[in-house]
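Right after this note come the structures.
Shared chain: chain A. Partners: chain B in the first complex, chain C in the second.
Let's turn to the complex of A and B:
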């Protein structure tokens, strides 16, 4: 009897664990580089992300080759010369919402979120901080954030000849609709 | 002398034109490319699950042609539509991000459970194996 009870407790705990997890396979991350000679934008619509609303744990993974550019040359240079996507196919983020106590993500509402964690791009991991918003509407959590990263931090070298075309600081925009893992 | 000048001018304009064309060329399509690999969604997924590094080396940026069953059609709001192919795995599927828009796709009258042949560029695996800029072959 004790065994059945403990099995039940484990099962229930696991189910509840799932209910706290929100995820997406189709999130959007875009970035833009605004240099004197040229503005470059790229979009990736295949972002996977998991958000645990109990602990605030937040994870992202994107495939570098899924970033789309307007011009083929930009995309080729981005993949081959700068991000070396054959060698480093993914970028990831692992972090936490640090002000989780200020929000109640099971209820509809808009919240400001502070996020802290480690961003890995081009095989280099750096701590990042970003602010974002979480809008909860009937079980869907819409998360957005905009933050800047410095290209040189990630050992990405930009040749002198194109320094006027590529910005040193790139703006990243995150736009994700999370659904409960239960559904 | 005048002729030489004209000749140089023509070359310069042509060169500039070609340069401008190359610079502005949109990313290439998969439609006219021969597939590097022809396999099923399950085989592609298994390769990534068995050894992701080896699968990356084998498939990244390559044209894969997949014959499989449609599990889900995602219209995509403000983004490309997707056709999700069955792999037999509940959590990991093959996501085909389509080149054509949803309305064009609707005219094909394809639905869940239909068999389809799709080709595109493999970009890697996260939760799903992702195949990008896909076109329907059959």
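Let's turn to the complex of A and C:
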């Protein structure tokens, strides 16, 4: 009896280890470039991400080709000339929620989160920091964040002729609904 | 004993949990998706030839094509720059696979229209396809006044048709090739020696030199005994220069006409004699409606 109980406890504990991980495969990341001549927006609705609410570990994988633009030509140029998506198909983020102690993500509520980690775009990895919100409602964690990145940091070259069309600093918006990962 | 078994089980499970934590994203068994290969050529034309590419749906591509006179006309004609033929055209993408185009050439006052459909798209990922296949059908109507107004001139005599299969592949990031078996049908030909149906094989390649500059070459081999002996196979060499919404194509070609039936079957210039046109195509795209999602 004792043994069965102990085994059960162990199994449940392990399962909970899984239940502490939240994921999405259809998260949304969009960006906008607001230059004097042109405003460019693109949306990606196929973002994969996993969040471990016990450790605060957070990872993202973003397929560059899944960013869609209003104009087909922009999308071609984005993939061909700027992000070189054949060479660098994915952008990734590996980081941590640094103020995990301030929140209780198993309970409903809204929290402000500070995130820190390494962002890799176009083969270049840079440390980034961003603030965001986490809203927990009945087991779904809705995460949002807005932050800026400098295009030149990622070795993405903007030729002179389009300098009025493409901003040097691009705003990134993250909008994710995490569901519990139970398998 | 029991205790040690318990500890062992416990360790095993925690080890499992630990390995799971090493790479969070590996928890999601990511499905591979099919990715279509894009931008094998900068525009939907290599130079004169139709390329593997289509105009994207909702995009209007206004094309101005220009061929100056033959370079060997010398300094008096400013090496051909005093003469020019022009084609003004508009291409429109209807779906991801289908596009249409229209144009009007000053050469023989010809109107032309075409349809191009992508049958197979080169792709990587889940569904791997090493090449693309498109079909193209075009019609041209020569509106120039008949050379001999006294004989009976039927409207059908003004009509030309071209059917083309376009097979090709983007072999690497910078290099693409294509081969196009082509049939040109001319309702009326000027001499008995000429065939109404002309079969030709066209080949083209592009090599990117920088991100925004590429070198294009195309050659059209007409199978023997179909056209006048004085006619030549079309050979064109040029550069594509891309600047934002424009693509400039600058080239040298021995073909005067910018439409299929003309440059396939009625090219008269001989490269070795200096019968070379300098020419350019300017392509400017306008987005009429958004991309289907």
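Convention: the second predicted complex is superposed on the first by the 169 of 183 C-alpha atoms of A that agree within 3 Å, B and C clash if a C-alpha of one lies under 4 Å from a C-alpha of the other, contacts with A are read in each partner's own complex, and residues count from 1 in each chain.
To be clear about the criterion, a contact is a pair of C-beta atoms (placed from the backbone, for glycine too) under 8 Å apart; a residue touches a chain by one contact, two chains touch by 3 or more.
All figures in this text were calculated on a predicted structure; none of them were measured in a lab.
Overlay on chain A: chain B and chain C clash in the combined arrangement. When the shared chain is aligned, no partner comes close enough to touch A:113: not chain B, not chain C.
Using the contact criterion defined above for the overlaid structures, shared-chain residue A:167 touches neither chain B nor chain C, since it reaches no partner.
Within the superposed three-chain model, A:103 lies out of touch with both chain B and chain C [touch as defined at top]. Of the two partner chains, chain B and chain C are each touched by A:73. In the superposition on chain A, A:26 makes contact with chain B only, while chain C stays out of contact range.
Of the two partner chains, chain B is the only one touched by A:90; chain C is not.
By the touch criterion defined above, A:62 lies against chain B but remains apart from chain C after alignment on the C-alpha atoms of chain A.
For chain A, the partner touching the most residues, choosing from chain B and chain C, is C.
The interface of chain A with chain B overlaps its interface with chain C at residues 25, 48, 61, 63, 65, 68-73, 75, 79, 86.
Chain C contributes residues 2, 6, 9-10, 13-14, 16-17, 20-21, 23-25, 27-28, 30, 33, 35, 38-39, 56-59, 93, 173, 211-212, 243-245, 285, 287, 290-291, 293 to its touches with chain A in the complex. Looking at the complex, you find that chain A touches chain B at residues 25-26, 28, 43, 45-46, 48, 61-66, 68-73, 75, 79, 85-86, 89-90. Chain B meets chain A in the complex at residues 22-28, 56-57, 60-61, 74, 76, 79-80, 82, 95, 97, 121, 123-128, 130, 132. Touching chain C in their complex are the following residues of chain A: 3, 6-7, 10-11, 13-14, 17-18, 21, 23, 25, 48-52, 55, 57-59, 61, 63, 65, 68-73, 75-77, 79-81, 86-87, 159, 161-162, 165, 181, 183.
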